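Presented below are the structures under discussion, each in the form of structure tokens.
Look at the two complexes coming up: chain A is in both, with chain B in one and chain C in the other.
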Partner chain A sequence: MELHQLDPAIARQRLAAGLRLRSGPFVVALRSDIPALSQQVLQQYAHHTVVDDDGFCDFHVHVTPPANLRRWWRPQARFLLDGDEPFTPLPLHHAFPMLEWGLNWCISTQAHQYVILHAAVLERGGRTVVMPAPSGSGKSTLCAALAHRGWRLLSDELALLGLNDGLLWPLTRPISLKNRSIGLIRDFAPDALIGTPVPDTIKGAVAHCAPPAAAVRAAQTPARPGWVVLPRYTPDAPALLSPLPKAQAVMELIDACFNYSIHRHQGFAALGRLVDSSDCHRFEYSQLDEAMAIFDRLAGTDADADAGADAEVAVEAEAEANEKTRAPPARAAGNAAP
Partner chain B sequence: MTRHRTAPLLAVLREPGLMARLSLTQWDLLVRQARTAGLLGRLHALALGAGVAAQLPAAPAAHLAAAHRMAAAQADEARREVALVWQALHGLAVPVVLLKGAAYLMTGLPPADGRSFTDIDILVPKTALVEAESALLFHGWLTTHHNAYDQRYYREWMHELPPMLHRQRGTVLDLHHGILPETSRLRPSAEKLIAAARPLGSEPLLQVLAPADMVLHSMVHLLHNEEMGRGLRDLSDLDLLLRHFAGTPGFWDQLVARAAELGLERVLYYGLNEGQALLHTPVPPGTLQAVALHAPPPPLRRLMHELWQHALGPQHASATDAFTPLALGAVVLRAHWLRMPAGLLFRHMLVKGWRRLTEKGQQSPEAAAPQV
Partner chain C sequence: MTAHHQTLLGRYDVLDWGDGCVIYDRSGFLTHLLDPATAALLRDSLALGDEVQAPYRLQTLLDELLPLTGSLGVSP
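On to the complex of A and B.
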């Protein structure tokens, strides 16, 4: 059963006691009695599968007001993993972003059965694009846009690379949008379900965009590598795809890896295989429409191209010839990111 | 009767083979209890040892293996760190004795497998302490705790210097000259410990404590600790050491004799009895009889037993009761009481209490979580 099929009153009750949801390879028990947080969970996790209360659960997390004065006076929220509190409390209205950050923390510090990268992952035609990028690079904006234009979302934040199978495993959770990209994605993808912005976090305003239902339903299906793309938002720049040497690509992935120091040579080998089986690019952009066109061509699904594989080869050949691939002119005005 | 007597974590530490027969609901609780106790990696090692690792359900087994993988990476770092410490200190031509985790690791003792490392502990003769500190400073370790009170606390009253932090690698080293504070009621002789220590390998002066001393130090660490959060992990270390050395001829007699020599008879009494009660550590009846002579009088004995059972058992909410926080507070207070004379303790508590009110620890979630 999916969360939205549960009566909201019952869902809230279960959330207060510990609601179990399947999220990619993990089962998470979410417990919270904060009404604003429940509402966000019901919206953002609507298509996640509700799991029975007996059986195994990977992480038991609890978001709750402190049991002291701060429950009422300048109220706060705490994040607890099984009674352990890894963070200082935040203002109560940050509860949902805190839950998301907390879940990222649980996974990136513990799920070492994967090589974990700070990267967005999407899939088209059975192949994934892995986009490692620092904050402010426009990664999440690009990710949200692609997720609403024919690419299957695997993850906005954490790429889970199987150590032995070399596959990318979905962790289809809400996409975190910041500041201007919130309005941008609202305009670009009117069908996107975007939560109430939280105005004053350390990252500025944050709003979450719910993962599309089809992507959540496919979250048990991993995909093989296809592309590594290093996105960078540059104001007013035309969309530009340029080749990224493989040695550099692997260094970028190591930089983005949370648990490289744990996996070491095995991690190096896994990231090397990922890069070996991917086409690697840098990507500079300012207009989402231009970006979509380039990604369509990457995936070989551009309407103008003859066949998928040919289009892909064409992009590669062009890239190698010019060192730079210019985007076709933007089809629609506006949509500057992020 | 405390709730934790039925905790799955205690059950599998006593009998690791049980892991092959747990339901998923039991696994749910076991992984939670083990995570809180810092024992996930050890469970993986125990499952391997019992030959049941391949029979575990995939989801919980992934947590055990992931923690074990992390511990293995830390162990490799610790091995490298030991080599670098030795590189810094070998020129002094004094014994350098590895303690606790580093000793288990370098001698391949069972508690090392799956155990997480936070720092390296070494013991040197007190007469060589100043030289050892200078050599370490010269090789890139920096002293921490710069305020005057902390410096005095460590240098005058404690048995170790303030933790030293390597300026490039960020690793932490605790340089000891004893195993209990200078101000402590009990003063086991560090000279005797060093005299009986054994070479680790081809370097005669890079050493580990003799088996009986290693066990006694593990007990001292367990029972006189000012921080009790990881009591069960330390008790499990002790349990594995005892199970390992139990087969060595004469070990138990040496243990009793050595405790008497070092003035640690009461420590040995508690260590063996509480280990036996919580983890079913096998102890020969003769040894138990011998240490029983050093038990406290019956009312105190019963009280202490209750306190230890609560303080050393699993600390996950599913295994504690209303008495647990009180027991933890009591054993920490006891540890402090035994570490310092009353006047000094009062003063130390005032300083620490004031700091707790005025300083902040922890990180904000934005800083700790992936960049979002």
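On to the complex of A and C.
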């Protein structure tokens, strides 16, 4: 049963007692008595599957106001995992972003059956595009736009790479939009379900965009690698796809990997296989329509091998021609912080 | 293009795409990117059979080629 099929009053009751939702390969027992958070969960997780209470659960999460004065005076929200509180409380109206950031933390610190990257992942024609990028690069904006233009959303934030099978596993959850990108996606995809913006978070104003229902329903279906694309939003820049040497692509993925130091040489091999199976590019953009056209061309190259090869050469040749008049982007040195 | 993969001296995992290569050091837990010119020096050493015939020379070369810093990934 999907969450939206529950009567809203019953869903809120179950949420207050502990509601179990399937999110990709994980089951989360979510408990909260914060009305605004309940409303956001019902909206953003509407198509996620409600799981019976007696099965295994990966994460027991409780988001609740403190038991002290801060329940009423400048009210706050606390995030608890198995009763432990890993973060300092945030203002109460930050409860939903806090839940999302907290879940990201739970997965990236514990789900080591995967190589976990700070990256968006989408799929088209059976192949995924993995987009690692630091905050502010326009990754989530691009991800939300693609997710509403024919690409299946696997994840906005965490790429789960199977250590042994080399597949990308879906973790289809709300897309976190920040600041200007909230209005951009509202205009670009009027059918997108975007929650009320939460102002003054550490990332500025944040609003979450619900994952498309079809993507949530396909969240048990992994996909093979196809492309690694490093996006970067640059104001007024024309959309530009340029080739990225594979050795550099591996380094970029390592810099975006949360548990590389745990997997060591096995993680190195897994990321090497991912890059081996992918075409690798840098991508600079400012206009979403231009970006969609380039990504459609990328995906089209897979549908028709011969014509596709020509199209890809055209994209790369165009990029090389453009690059002659533009300075190549510098490689990020050291560790990238998400 | 598929990478040529080999493990050197039981310690260094090398992925070489020709236009650059990456090396994981199992002892130092660091990953290094070699530019094409530096990667060519390593290839020359391997072409001479250094891994089998002169492992000390190969180790010395790797000590020189690999920078002291490398990538560790990120902390959540």
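We take it that the second predicted complex is superposed on the first by the 300 of 338 C-alpha atoms of A that agree within 3 Å, B and C clash if a C-alpha of one lies under 4 Å from a C-alpha of the other, contacts with A are read in each partner's own complex, and residues count from 1 in each chain.
Following the convention adopted for this analysis, a contact is a pair of C-beta atoms (placed from the backbone, for glycine too) under 8 Å apart; a residue touches a chain by one contact, two chains touch by 3 or more.
Computed from a prediction, not measured in an experiment: that's the story for all the values here.
**Q** If chain A is used to align the two complexes, do chain B and chain C fit next to each other or clash?
**A** fit
**Q** Examine A:W101 and indicate which partner it touches, taking first as chain B and second as chain C; both and neither are also allowed.
**A** first
**Q** Could you say whether A:V206 touches chain B, chain C, both of them, or neither, answering first, second, both or neither?
**A** After superposition on chain A, A:V206 lies in contact with chain B alone.
**Q** May I ask you to decide whether A:Q248 touches chain B, chain C, both, or neither, giving the answer as first, second, both or neither?
**A** second
**Q** For A:G300 in the superposed arrangement: first (chain B), second (chain C), both or neither?
**A** neither
**Q** In the superposed arrangement, which partner chain does A:F258 touch: chain B (first), chain C (second), both, or neither?
**A** both
**Q** Return first, second, both or neither, reflecting whether A:G24 touches chain B, chain C, both chains, or no partner chain.
**A** It touches nothing on chain B or chain C.
**Q** Looking at A:A269, would you say it contacts chain B, chain C, both, or neither? Reply first, second, both or neither.
**A** Only chain C is touched by A:A269; chain B is not.
**Q** In this superposed model, does chain C or chain B come into contact with more residues of chain A?
**A** Partner touching more chain A residues in the overlay: B.
**Q** Considering only the touch criterion stated at the top, classify A:H118 as touching first (chain B), second (chain C), both, or neither.
**A** Both chain B and chain C are touched by A:H118.
**Q** Taking the superposition on A as described, I'd like to know which of chain B and chain C A:P170 touches: first, second, both or neither.
**A** neither
**Q** Tell me, in angstrom, the smallest C-alpha to C-alpha distance between chain B and chain C in the overlaid model?
**A** 6
**Q** Shared contact residues on chain A for chain B and chain C?
**A** Correct list for chain A: 104-105, 108, 118, 258-259, 261, 264.
**Q** If you look only at chain A, which of its residues touch chain B in the complex?
**A** Where chain A meets chain B, its residues are 27, 54-58, 60, 79, 82-88, 90, 97-98, 100-102, 104-105, 108, 110-113, 118, 134-135, 140, 157-158, 176, 178, 201-203, 206, 258-259, 261-264.
**Q** Show which residues of chain B lie in contact with chain A when the two form their complex.
**A** For chain B paired with chain A, touching residues are 24-25, 27-28, 31-32, 35-36, 57, 59-60, 62-63, 65-67, 69-70, 73, 76, 316-317, 360, 362-372.
**Q** Can you list the chain C residues touching chain A in their complex?
**A** Where chain C meets chain A, its residues are 1-3, 5, 13, 15-17, 19-22, 24, 26, 29, 31, 33-34, 69, 71-76.
**Q** Considering the complex alone, what residue numbers of chain A touch chain C?
**A** Per the stated touch rule, the residues are 104-105, 108-109, 118, 245-248, 250-251, 254-261, 264-265, 267-269, 272, 275-276, 334-338.
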